[in-house]
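By written order: A, B, C, D, E, F, G and H. Residues from 1 in each chain.
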Amino acid sequence: MKTENLQQLLSDVASGRCPVDRAMTALKHWPGERLGCAHLDHQRRLRTGIPEVVFGEGKSVEQITLIMQRLLAGGEATLATRVDAEKAAAVVAALPELTYHPAARMLTANLPDTSALDGRRTILVLSAGTSDEPVAEEAAVTAAALGNRVNRLFDVGVAGIHRLLGQRQALEEAAVLIVVAGMEGALPSVVGGLVDKPVIAVPTSVGYGAGFGGIAALLGMLNSCAPGVTVVNIDNGFGAACAAGAITGLVDRN
Amino acid sequence: MKTENLQQLLSDVASGRCPVDRAMTALKHWPGERLGCAHLDHQRRLRTGIPEVVFGEGKSVEQITLIMQRLLAGGEATLATRVDAEKAAAVVAALPELTYHPAARMLTANLPDTSALDGRRTILVLSAGTSDEPVAEEAAVTAAALGNRVNRLFDVGVAGIHRLLGQRQALEEAAVLIVVAGMEGALPSVVGGLVDKPVIAVPTSVGYGAGFGGIAALLGMLNSCAPGVTVVNIDNGFGAACAAGAITGLVDRN
Amino acid sequence: MKTENLQQLLSDVASGRCPVDRAMTALKHWPGERLGCAHLDHQRRLRTGIPEVVFGEGKSVEQITLIMQRLLAGGEATLATRVDAEKAAAVVAALPELTYHPAARMLTANLPDTSALDGRRTILVLSAGTSDEPVAEEAAVTAAALGNRVNRLFDVGVAGIHRLLGQRQALEEAAVLIVVAGMEGALPSVVGGLVDKPVIAVPTSVGYGAGFGGIAALLGMLNSCAPGVTVVNIDNGFGAACAAGAITGLVDRN
Amino acid sequence: MKTENLQQLLSDVASGRCPVDRAMTALKHWPGERLGCAHLDHQRRLRTGIPEVVFGEGKSVEQITLIMQRLLAGGEATLATRVDAEKAAAVVAALPELTYHPAARMLTANLPDTSALDGRRTILVLSAGTSDEPVAEEAAVTAAALGNRVNRLFDVGVAGIHRLLGQRQALEEAAVLIVVAGMEGALPSVVGGLVDKPVIAVPTSVGYGAGFGGIAALLGMLNSCAPGVTVVNIDNGFGAACAAGAITGLVDRN
Amino acid sequence: MKTENLQQLLSDVASGRCPVDRAMTALKHWPGERLGCAHLDHQRRLRTGIPEVVFGEGKSVEQITLIMQRLLAGGEATLATRVDAEKAAAVVAALPELTYHPAARMLTANLPDTSALDGRRTILVLSAGTSDEPVAEEAAVTAAALGNRVNRLFDVGVAGIHRLLGQRQALEEAAVLIVVAGMEGALPSVVGGLVDKPVIAVPTSVGYGAGFGGIAALLGMLNSCAPGVTVVNIDNGFGAACAAGAITGLVDRN
Amino acid sequence: MKTENLQQLLSDVASGRCPVDRAMTALKHWPGERLGCAHLDHQRRLRTGIPEVVFGEGKSVEQITLIMQRLLAGGEATLATRVDAEKAAAVVAALPELTYHPAARMLTANLPDTSALDGRRTILVLSAGTSDEPVAEEAAVTAAALGNRVNRLFDVGVAGIHRLLGQRQALEEAAVLIVVAGMEGALPSVVGGLVDKPVIAVPTSVGYGAGFGGIAALLGMLNSCAPGVTVVNIDNGFGAACAAGAITGLVDRN
Amino acid sequence: MKTENLQQLLSDVASGRCPVDRAMTALKHWPGERLGCAHLDHQRRLRTGIPEVVFGEGKSVEQITLIMQRLLAGGEATLATRVDAEKAAAVVAALPELTYHPAARMLTANLPDTSALDGRRTILVLSAGTSDEPVAEEAAVTAAALGNRVNRLFDVGVAGIHRLLGQRQALEEAAVLIVVAGMEGALPSVVGGLVDKPVIAVPTSVGYGAGFGGIAALLGMLNSCAPGVTVVNIDNGFGAACAAGAITGLVDRN
Amino acid sequence: MKTENLQQLLSDVASGRCPVDRAMTALKHWPGERLGCAHLDHQRRLRTGIPEVVFGEGKSVEQITLIMQRLLAGGEATLATRVDAEKAAAVVAALPELTYHPAARMLTANLPDTSALDGRRTILVLSAGTSDEPVAEEAAVTAAALGNRVNRLFDVGVAGIHRLLGQRQALEEAAVLIVVAGMEGALPSVVGGLVDKPVIAVPTSVGYGAGFGGIAALLGMLNSCAPGVTVVNIDNGFGAACAAGAITGLVDRN
């Protein structure tokens, strides 16, 4: 809400350009929606920097196609998450401008060109095991779609700690680290103890029995002994990338 | 661990200045402990940027005093969290260089001067209700101790949404937002929908009954419909400030 | 149970005005309902104002058809909830007087005419996200079936708070508000802070991971910082409408 | 927030009585805080009909006294919940205009006169067992403070169902019923099957073992087989009374 | 283990009728398995009075057929629980001496004749709702298979309490009552308050949302305010009948 | 409720044998219990066979004394459970006719003489460990108070299975077995596999960590592989004894 | 990491055989990965003694075939767990050197010859019920694959305790015991009370209702009253065998 | 139970040295209690190798003193766990032969001399943080009491992974490793990936919020990605030492 708009409105009232009752209407739901005599569109994309995304799980091919068609019409970066290969094939058949990323189970279009980005926008996605790949890839593809350079360091779980320790340079080159792990979810603690960068932990539902569909990993990450690790919902690679993107966006701006 | 140290050591071996067996000893526990012929303290602070902190809950006055005395000797920023007023009085009596922050339940010393910081290091701490204040203050004092400018916006819970909406400028001036809330933990979702900055949510144990000591707030934040909100443990104001500090540190560097 | 009625009945027996067998019938289900020489239909509908409803989930087409046929014979308002499109088609083929509401997954017949109702019987159904629509529609169709005027305000979740704030008039025109939300379930708190009307919150199972099939939303609503919000079971749009109908019925009576 | 205040302010601007910049200041935090050239208290009471209430649990005598002193200065109905007898004595010693209700563990002042109210504002509070009394009384005293006539029907739990069935008249005379129960929380289901009025269920933490501090009662009420029963948080007698008051307020208005 | 057997064995050793090594063998696993020179079959049926039962869930037609064939060869009462109609048809085709009870989802053979039993062996099975019927029938058929007279009182849930109160005679005629209920599981409390007979409560997984697959009903029953109600596992109609059978067996013996 | 009684009463009124006011009294609490011209005490004790019991936990000395004084006036068996030694001393000082059972933490008076009882009323109370004794004793003392002969077999947990197996005669002499165990709660399964009598399992809160205050034992008992074991709430020795007493009462009657 | 390697490297530096920069590279990630001028493969098998294993659940036939083909190429012991019969047939068709163990749902190849092993490497696998067999067999086949002699003692659950007690010799001959049980999970407590050998408990997901997919068994085992019982994840027969193999490996070495 | 004793007894009967009735008495509780004409104490210690231990939590000074006095009379290794310093001082005052270990909160007497033990009986106790010390010390003192050499490696949590990696030799010298950790409980996974020895994980209740008193650590350990890690109850250092002792006992024997 801009101060000038309010000032303009009040000046218009003072000068008689805007009658009291019309100003009353304008101010009625302020600062919610409207100000002045014109309408103000508060688009969420403008407000939060995140493009509209289709959550594909539980949606039919028809529904996904319909929504993406509308989004494509705007010409902006467009994403759909959690789309399995079969559905994706059908959607792409209808909307050939879409690209399917099978490992990430995502459909994308109009992604920004990130080839010229420097390290300030580098997001490193780490994963503990091979089964965590879909979530890690969802984070990676989303991060790229948000205009970041993305590096991957997969299958470096803590039961073979040397795999991680042998990659210190990759850790140091990243601006933000997204750490994806299922089972006991211990990788973010180890990573968080090695770097002074923001670490975003993503628990996955990988595991069985007392893993409880990702609860063990989630609790492990929330109780990380490495201070400063933050956590998103189970399997929420998309959300982690949005958080990472908010950070790199901040860096970029300054 | 500095590359130069290693290079120096190896050069010393090559030149004969350091005999092989002495180098053996030096390298034995590397990078764990020692490097070069002298002792090297691999402080976690250097690696992660976070000073040593005393978690005061469950520790006696004697224990807190002993540990802080040792930390103070180093002359660096020193923190103790979760110290109640009674304990704090006894510790400060013994170590008068400490300052007690009753609202935050923290003891501090040697905090950095943050008076000249610009907006790139501004962290805004929001809280939903008055009972959330101790956690919010823990975040605020910690954030300041890590070298950030800290603003506060307390008691702006969602049941009176206008209190928050009337403070849009404060939201926009911050580089990072820490949002502290108990009960249903809804404030981070609303804040996350208003800004394009990193939002770190801190659930508190404020509430009763089906609040389950903060679980309701924690789950609410993990399931936030505002993508990009990240979460720390219940009542973990300290951890949220560490995460925020990692972000502003990143900004500052670039 | 009024003492006078009992006294009257016994006096009638003593005086011979009421024969013993008729008194027997009257007393048979006492204090079940009433006492007197007239017959009383112990229909739950009369007692609670809610028509018989078929819970369709887990029932076969044959079972649903059979029960609805019996209910239709009574000529009263008849509902079936949680009937998917495929089953519904088969049931309607057998019972063409039924109408299927695909968004609500409901079958109805003999619904009351609510076109002439004034605001005292207006129930506003709000939903947070598009995925909450089936539950919100179940509430809306049920509320109409119970004889209320129903308004809808969908997809006004808290991550885009302006969508809700721009609709203050709709909030103010309603007698009762049913607020449907999944994920963190924060919408009822915000709505409850804006109005002085009864607010009934319906958590939905929309979400994933730590949403735990609606538990996060349920806990969020039970811990709402807006006092006076009441809650029903997860996905229970039907129950919320019954509660709302009990309230508008009360208003109407006075 | 009164419409007249806004109109007055705008008129003052239009007439020049209030300069633009002063109006700017007045509107700056509107509707958050101030309006007009004088200070305007945007009491939540006006928006939601519920007076300010002090949640006494965990607050010291000094804190409670301080807050209530401020509230008393406004001359309005003032409540504090969850104040034990010892604390209450100390607070009342300082603020003798307060009345302590030991069974409800509440402090009140300036309660409205409800002696002339008719049945449209009658709230019946039922409880299952004697141990549920504190919660039931909290509901009853709060309901009276909100301007309702309150009847009580205590200790009518389902293991002696005749105690309830012998009180049908009391059930029928009420506009709204608040049903308080711990242990298995079955009473609201039975009550909900007997009346066509709004039934608000309050689970209590009464019980032990697998009662889990009220969870058993809470789940029982959420799964009530009587449609239309709504539920509030464990031990939340205050919240139930607010919900009931919103309903009777609605009745009264029409 | 009979004292006489031991005495006989030792006497046989003393008299030389049984050599030491043979006695060694006999005593080796005593009181585990064998005693005396002959083999003793410690059939669980003899020990606990419950026939071998096949838990059909998750077993294939072949597995069920094979096991029942073996049991049938013994000529004793034979049961299989949780067999759906399709599997049952296949098993009965192979073993035509089996009878399928579709409502109970059970297969039986060689059931005892219970036509001449008096009230001391009467077990009354009550259920709250129509969806509880499969579990209630499993209890009823099992109880009959264990040699009891079985009465049924179905669909008498607490939301229509008069259905139960109108059946006091049935309650009084039973020796033991099995009460089956899902959702909030309140029926056993009401029944337990009406009779002085053993009441065995069976929670069912009927319900949805916060019913958590029977947990709400289970907790409700464990916290019953009617002392003396005992509980079995969720959906365990078979176990309830075994418990009831142990009681009537006791009565019969005395 | 017998039809004939009602018919007789009404006929008596019709014939003048019973005046209207007396019939009024007779019907007043109908169908509470009986019908006729005589008075009927609607005591729960008559209905369920269980005397009034004071749950001492959380009650003050004054409250316990007051209630027990009232109960003692009736001259019947009187019990209070969960009374610690300190409170008990104070209550007994006021009411010297009470006896305190420290191991059971119970106060009793007017207990029936059970010295002449035969085996049909023998209840055996088993416990797994020494820490389970308070709950086991609560069961034992209650069982005796309900008019049963009580045997004890304590500290026979499954980690030393021979202790139990050496006591087969005690198992066989009992009519009903109450099995009390904390930690993993395995004892009822072993006992249930050895006898054909009713086995009532009581989980205790003995244990720590993943024992979760008795949940592990409770779940163990509910999932017992010995069919026919029934379960009561955690630490509910009183309830188990009530259940056992309902069984022996049944035996005695027949 | 061998001391000699480090010494060699440093000597090479001292002698000039290895230039400083090359030593730098070699030491850079030490002790992570490389040492000396040659590459060092830190195979996990070498480090932990456990061969690579394919977790088959959720993997396609193609994925399993591909991975096993690669492992087979190494000529070492190769395992795949949780492969159902249908998938197994397809994999074996492609890789005929694999053997399928249907009861264990495992594929194996190149298993070691264990025919000459003595008792020091004997692992006894016990199971409580027939439904626990798949998990018990997974443990047994894995234990054999790790080079142990394996005995089996199945279906010896605690509800028929004599089955176990009659097998004392088998218990005594084993070096390590793996005890597999579902439902209440009581068998490890009984076994742990009978032997002085390591006992590893495996909870299974066998059961229903309040068994919660193995949680009841898991909690039972964690709370075992037999000290020294250790526990693995639900259904984790593979992990139990790895633990047992680590123990027998230790014995063998000494 | 020794075979020879039984053989001797039977021979004595055959020879007439032991009359039948005396043999009857001897065998009566066999193998529970007695065998032969003399008394045989079937001490659990003999059966399982673990001395009697007093669980001090919740026991009074008097209770602990009494039990330990009895155990001391036997002259064997005697332990009491979870005894705080104040209680310990009082017990030691009465029984001066006891030694108090404040860090382990244990009382001991008659511990075996372990000074001459070689590496085959070396148990290494690791802990993640300083707050885990009481549990780690309980494990260490118990392990020593069971006759093992004990090494300690404390405060080597995963957030500073180099502390652990610098201690590879200590890891390699141990026969068994006990790994104690609270919070996310990740240390056992890292250790399990570094060694081929048995690893026993002990979750501690150290932490707060979503640590849930040790549940997060427990789940983390049960879901460890390092196969072969086994787990004991939360804070159960004693049990871990018993398990470790069973392993070293096995090694020693062979």
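Rule of thumb we're sticking to: a residue touches a chain if its C-beta (ideal position, glycine included) is under 8 Å from a C-beta of that chain, and two chains touch if they have at least 3 such contacts.
Just so it is clear, the model here is predicted, and its values are computed rather than measured.
The set of chains in contact with chain D as well as chain G comprises A, B, E, F.
Averaging C-alpha coordinates per chain and comparing to chain F, the farthest chain turns out to be A. A rotation of 180 degrees, rounded to a multiple of 5, brings the CA atoms of chain C into register with those of chain F. Counting every residue number used by either copy at the chain E-chain F contact, over half are found in both chains. Separating the centre of chain A from that of chain G, both taken as means of CA atoms, is a distance of 39 Å. A separation of 49 Å divides the Cα centre of chain F from that of chain G.
Listed for chain A are residues 32, 44, 159-160, 165, 192-194, 209-211, 215, 218, 222-223, 226, 233, each touching two or more other chains.
Shown are all chain pairs that touch, namely A-B, A-C, A-D, A-G, A-H, B-C, B-D, B-G, B-H, C-D, C-E, C-F, D-E, D-F, E-F, E-G, E-H, F-G, F-H, G-H.
Residue ranges on chain B touching chain A, taken from their complex, read 44, 47-50, 53, 120, 165-166, 168, 175-176, 192-200, 218, 222-223, 226-233, 238-240, 242-243, 245-247, 249-251, 254. Looking at the complex, you find that chain D touches chain E at residues 128-129, 157-161, 165, 183-186, 189-190, 192-194, 207, 209-212, 215-217, 219-226. Chain C contributes residues 29, 32-33, 42, 44, 55, 57-58, 203, 205, 213-215, 218, 233-236 to its touches with chain E in the complex. Those residues of chain E lying in contact with chain H across their complex are 3, 6-7, 10-11, 13-14, 16, 20, 23-24, 27-28, 30. Those residues of chain G lying in contact with chain E across their complex are 131, 159-160, 162, 165-166, 168, 208-211.
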